[in-house]
Each structure stands twice: as C-alpha cells, then as structure tokens.
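First comes the structure, then the notes that go with it.
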Amino acid sequence: MSLLELEDVTASYGYAPVLHGISFQLEANRAQGILGANGAGKTTTLRAISGMVPATGRIRFDGVDILGKSPDRIARMGIAHVPEGRGTLGGLSVRDNLRVGAYQRRDRKQIEEGIEFCLDLFPNLRERIGSNASALSGGEQQMLAVARAFMAQPRVILLDEASLGLAPSTAQRVYDAIRRLREESGVALVVVEQNAALAFSIVDHALVLETGRVSIEGSRERLAGMDEVRRAYLGG
Amino acid sequence: MKAFLARPIVRIILAVVIAVVIIVAPITSSPYVNYQLSIIAVFAVALLGLNIVMGYTGQVSLGQSAFLGLGAYIAAYGVRMEWPIVLTFLLCCVIPAAVGLLVALAAARLRGLALAMVTIALPIIGVPLAKRFPDFTGGSQGTSVSFLEAPDWSGLADDQWRYYIVVAIAVVLFLLGRNLVRGRIGRAFAIVKSNEAVALSMGISPYRYKVLAFTVASLFGGAAGFLYIAVVQYTSPETLSFATSINLIAAMVIGGSASILGTILGAIYFVVLPIAAGQIDASRTALISGAVLLAVLFLLPGGLVSLPRRIVQLTSGAKRRGGSTPANQTPTGGTAPDGTAPDGTAPGNTAESAAQKQPK
Amino acid sequence: MAYTIQLIVEGFATGSIYGALALAIVLVNRSTGLINFAQGSMGVLSTFVAFGLIQLGVPLLVAMLAAFVFAFLLGAGVERFVVRRFERGDPDTAVVVTIGLFVFIAGIAALLFGYEPRQFPSLFPPQSINIAGVFVSMRSVGTIIVLIAVMILLQLLFRFTKLGLAMRAVADNPQSAGLSGLPVSRLLMIGWGLAAVLGAIAGVLVAPQLFISPTMLDFALVYALAAAILGGLDSPVGAVVAGWFIGIVENLAGAYVDVIGDDLKIAVPFIFMLIILIVRPQGLFGRKVTVRI
C-alpha cells in the first residue's frame, strides 16, 4: 500500500476546473516531482492533497481517505505542506515559527533538538533566531518554511515551488538542505517545481502536468531526453 | 417572471396602478393610517440616503440619524422664524449636505472601521449639542412645530394634505436618487465599492466618489428631516441618536441594500416593526428586531427585496454552485467578488478563506 | 491640584473599562478580522448571569466566575455558529451581523431582566482611601488593578504558553497555521471566548456604579471602539493605553474646559480621535498597512 495515493482527482476554483483527473502514487520514503509550466495545475494538486481546495476523486493517505477533511486535520495526520509563498508567520519570531511547526509534538527535549538541527542546517536562521519572520529575506523565509514543515516530523512534505523568487545559488542551497533533511529523516516528498533540474536533484521520479492532466511521467533519465519536457518549459 | 415584468406595457400598467393607489389611499384611510404612510415615505428618503453611501458605495455610515435630526431642527427653526417654506426646505437639504461634505472630506480617506467611527461621532456629539441650544433646538425637551396645514381650497384634512406633500417630495427625491444610482455616477459607486484599486486604474477616484456619496446621503437625510417634522410635528435629541442610526442600518439591510425597491421595503419594516412588536410585547422590540436582522443576514442576505428570487431558487433547486446562494450574496449589496465555494461551516475552509484577505 | 489628581485617577478607572472592552475588540479583530459591535452586549448579558445568580443567593465571587464561564461559552458559541460564516466575506457585512447580535443579545437581557436599572454589588468596599492628600475610591483603584492584572495575564498567556503561541499564529495567518496542524476552528472560538470574558470583566466592574441594565455598556462600547482605533486595531497595548487616555481626557476636559462641561465631554475623545486619524490613519500604535493588490 502506498503512502499517498491520488486517483482521478479533479479540482476547481469556482467554476473553472483546473485538474482533470490526476492519479499517482507515492511510496514511503520516496520523492516524487510534479513538473510543468505555469498554470498546469501543480500547485492545485498539492492543495487538493492538503485539503485547501475542494476536490473529487480519491485521495488516500496511509490507506485512509482524506478527501474532504479540513487542512489542519490532514496536517495532523502527517502531511506537511510548504505552500506557494511560503506561508511564513510574519509577526512571529523565527523560533516561534519553528515552535508552531512542532505544535503537534509533546516531547519538549526532542523539539529543542529538532530546532537545533534545523538551525545547524540553516545557519542564517540561527543568526536571525529572534527576529520577526517578516524581516527575513526570501531565501531565509523559504528555509524557515521548510524547517517549520520538518519540525512536525511528518511522513510527507509537500513542497510548492520552493525556488520561486530565489537567486539560483540560494535555491540550490535550499534544495541541498532538503536533500539532507530527507537523508536524515526518510520523509517522503512531493516536490512541485518549474525548474526541472533543481527538482531532479532530490527526486528520482516525476510527473509532468499539462493543463490539469498528467502528460508524461518517468525517471530523470527517461524524462531528461524527452522533447516534450524540454519544450514544456525552458530552463529545465 | 422577470421577463414579464420587463415588458414596457406591464411596467406602465404597474406604475399607473401604484400611482392610483398612492393617490387614492389617503382619501379612504384614517388619519392614523395616513400618518403611518407618511412616516414610511419620510424614512424611505432617509434610507435611500443611507443606501446610497452604504449599500451602493459600500461605506459604513452610523451617522445618518444625525442628518435626519439636523434637518428636522432646521425645519423647526425655519418654521418658527416664519421663513418661506421652500427656503426652509432648501436649507434642510443644503446645510446637512454641507456638514456631510466636510465630514467626508476629512474622513473618506480612512478605511473601514475608522470611517465608521467618525460617523458614530456624529450622533454621539450631536445629541448633547442638541440639548445645548434651547433657542435653536428647544433643549432636551425638543421642539414642536406645526406647519403644512391644508389650504381651504383643497378640501383636504391636514393629515391628507401633509401626506400628499410629503409623498410628492419623496417621489421626486426617489426619482433623483434612482437616476443617480443607475447612471454613470452610480456605476462609479459600484466600482469603488467592489475594488478601489480597480476604480483607480479606471480613473475613478475612490476618495471623490465616497465624498460625493456621503454628501448625497447627508442631503437626503436632511430632506428626510424636513419631512419628518412636517409629519410628526415634533423633534427631539432622540431623533439624532445612535440607536436610530442602528435601526436605520438594520432596516436598510432587511429591506435590501443597493436596491430602490429594497429601500422602500426597508422603510415599511422600519415603521411597521415597532408597531407589530408592540402588539406582542413592547419590551421585546429589541429582541425581535435583532432576531429579524440576523435571520435576514443568514437566510436572505439580499434583503426582503430578494425574496422572490430566493423562493424561485429554492423551489427550482439551485444546481449551480456560485449562483446567488447566501454565502456569496452579500447583504451590503450584490454578489461577493470571488466565486469560492459557498459551503461555509467546515473549519478548514474558514481558515483558508479567512486568510485570503491576508497579504501573501 | 488634589482635585485634578482625583480626576485623573477616576479617568484611569473609567478608562480601564474602556480599555478592557477595547482589548476584547482588538483580540477579536486580530484573530478573525472583524469588529464585534456586540462586545458590550455580550458582556452585559454575562453580567446579568452573575446578577441572576446573586439574586439566588450565590456569593459574589462565585457568581462572577460563573459569569465568566458563561461569557466564554457565549463568545465561543457566537463565533462558531453565528459569525463564522461571515468571517471570510465582506467585513462590512460582518459588522452588520455583529450589530444584529448587539441588538438581539441586548434584547435577550431585556426580556429576562427588563430595562429597569438594578443595583449590583461591588467587589470593592465603598470607601475612599487617602493617598497623599488625594481621595480616591477603592473602586477606582480596584478597577485599575484588575485591568492591569488582566493585561499581565494575557501577556503571559500569549508569550509563554503553547496556546498563546497557537493563537498568535492563527491571528497572523490562519491558513498557514492550519497547515502546521493547528486546530484553527477551535482557536478562533477560544479567541472569541476570551474576548467575551474581557467584556464580562468590564461589565461586573462597572455595574455597581452604573447600575446594571441592558444598555449599560453601550456608551463604553463606543468609547472602546474609539480606543481600539486610536490604539491601532492590532495593538492590545495600544488599545488599553488609548482607553486610559480617553478616560482621563474626558474627565479633565469635562471639568476644566468650561465650554465642554459634563454633557459634551463625550465629544472630546472623538475630536481627538478624528485629529489623530487624519494625521496618522493607522492609529497611534498601529502598523502601517500596505494594501497588496
């Protein structure tokens, strides 16, 4: 049984359907990419999983149907979503953001250790530990968002356009850190990215979405060669 | 049904029927009924003013009662000083409008609650001021004047004559108001209400139009004040009170904001409710009016005027999501700008949509 | 001089009442983004619960605690069942909803207890104490102390407890907080519940002086709204400071500026408010809001 299963998922904003039947499966500890151009439905897919957008079809997490549950309920089941725009809690300090990430946990000592681990991973955050999160740069906020998701000790992290608005070197650093997190904890990932190269630095398998449908999927080797992928978006 | 009503011949017949009813009513009714009908006309004018600034332009005004009261006091003063009645009426329109203009110039740049607070200040300051100047206002006792007596040539009783004058003026004001909101200015109001940024990009200055709306509202309020004292023949600081403002807002929403017909329904409600509630139990008026307002907001956000539409929807079963269901039909007029799913009670959805107002 | 100080202290006391309500308004606004015009009525109804219990012979403190519990449940219930569906819509509509609640809840109080003002026992002894030649009533001092204690408790809650952290997170960005698994719905209800308790505290503090009636807190509410705006709607400290400011200015202006006198003194805070808003639209302590298009 897969950790996360989507079956024929459709979703719309208001009247306009954005997803037209997406299906895929994610095994535990694996990392899956979702690639595609702007507007292909990548973000919507993540939102459907985390319950932010109403959807039809089947979405199962660990065998349990999660379609229709509220986002906070789904999060408590072990899915952490780092949304587009990062969702930083701007009025709270960096430390408080991390503490919020660990909200569901009770093990005080281990939470502190977790925070220390994140700060080691992202030294910038350690410097700014007391500042309000809104004062951080884009890259730092992204790191904070990832760290916060990680603090929940989730089974899956949904990562939405983590490189958006970041300088290439910063984006690379974020992805390197994510890879390390994955190595450390074995968390499964669903990575939505426009930058295929970056995505493939941490996933081995990806779907390409085009206007709400899965147009192709495959491993890095298989996709890298394909014209469609290269055509679907430059910078790949 | 709507198509039926839109046909010119139907409209003409309807207009004629209504006109006949309005004209004939006072002849056959008792003075008490004429009084009530006249009062309805008075508050219809006041509500129209409120609707213009709040329903059509989306600016919360908790001070409409102040303009009503001001107009009433000016009229009372003018009558006592034996000024020509037309002059008095004009002053009742112009002076409150000027006050409204000044207030709006200062306050229209404020958002939301700040603007509402400035408008609250009007009755709050107005009431003690009204008690202060006995020469002008008669102090806390209020002042009583009687004018608009029926001339002998008309053969009418005073209450009938007053009815005709008041209703005539009200009809004229309504026509003016109707033209305003249906014309270019009204469209500008609607754009300012829905999205100020869009208005700006279209070259419409939200500030200017808010000031205009507020001034017009004050003008109508003042005119209503004149009519008020013509009918009631008495005014006191109570007319200016904050409670009156709140009742006006409630009536506006219940009748149906951003709607001419809704304004009239609101005025009927405003006058009839205390009477009806009084029949049940006078001390229950607040409870009942609060309950009605809440019920309307929940079940019929478009106000009473939207009742036919709602019944049609319910009976035919609105299959389309995003049709005028309560959640996205706002009581302050029109439909909500976003088309998000109406289902409102899932906690998660609230969190999502509550955050839609957050800057990313 | 002694008279002035007395006026200032009394102003602090009445200002504390405004501040408590203003604090409630800010709390609700921060967590759910709307202005609750019914804050006063909710407080009054809760105070009536205490009143009813006292009539039945329950000791004062117990009755007050029961009133606070009632207030919490009332606030939470109102958020969940009445206000919830309007939270994500047009804020002006939400205001009208709270106005409807204001009238309705006051109506309930009137139905159960009538409009006649009734006597309400005071927590504090009726004497005045003499501090360096100035006579201040124990009631005033007590009110001020209670408010300061409440403020400190709230600060402790928000800064040092997990619940406080969660409430701050939800106030900051409810959607994002939900993604971290925070029970957003429950937290919103708790926010409203706490705010209602603040209203109840204001009610029981002021009832002995004003005599309890359904309209008892109407004026205080208007002042509290002014204080909340003056302080900047997102600043709890600002709201209380503004409340004190209004209370003191009102008293001093009423006593010393002849033109104003006792009846027009209520106009003074509004004039100040108007001036400050024109000069600084975000209020004294508020953050400047940039509207993202």
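For this structure, a couple of remarks:
By letter and in written order, the chains are A, B and C; residue numbering begins at 1 in each of them.
By definition in this document, a contact is a pair of C-beta atoms (placed from the backbone, for glycine too) under 8 Å apart; a residue touches a chain by one contact, two chains touch by 3 or more.
Model, not experiment: these values are computed from the prediction.
Chain C has its Cα centroid nearest to the centroid of all protein Cα atoms in the structure. Across the assembly, the mean Cα position most removed from that of chain C is the one of A. A straight line joining the Cα centres of chain B and chain C is 30 Å long. One finds 42 Å separating the Cα centroids of chain A and chain C. As a whole-number value, the distance joining the C-alpha centres of chain A and chain B reads 51 Å. Counting partner chains per residue, chain A has residues 52, 70-72 touching two or more of them.
Shown for chain B are the residues that touch two or more other chains, namely 347-348, 351-352, 360.
Listed for chain C are residues 173, 175-178, 183-185, each touching two or more other chains.
Those residues of chain C that touch chain B in the complex are listed here as 32-33, 35, 82, 84-93, 95-97, 99-108, 110-111, 114-115, 170, 173-178, 183-186, 188, 214, 218, 222, 225-226, 228-229, 233, 263-264, 266-267, 270, 273-274, 277-278, 281, 289-293.
Taken together, the chain A residues at the contact with chain C in this complex read 50, 52, 70-72, 75-76, 80-81, 83, 87-92, 96, 99-101, 103-104, 148-149, 152. Listed in rising order, the residues of chain C touching chain A in the complex are 162, 165-166, 168-169, 171-173, 175-185.
Per the touch definition, chain B reaches chain C in the complex via residues 54, 58, 60, 106-107, 109-114, 116-118, 120-121, 124-125, 128-129, 131-132, 197, 242, 246, 249-250, 253, 283-291, 293-294, 297-298, 301, 327-328, 330-332, 336, 344-345, 347-348, 350-360.
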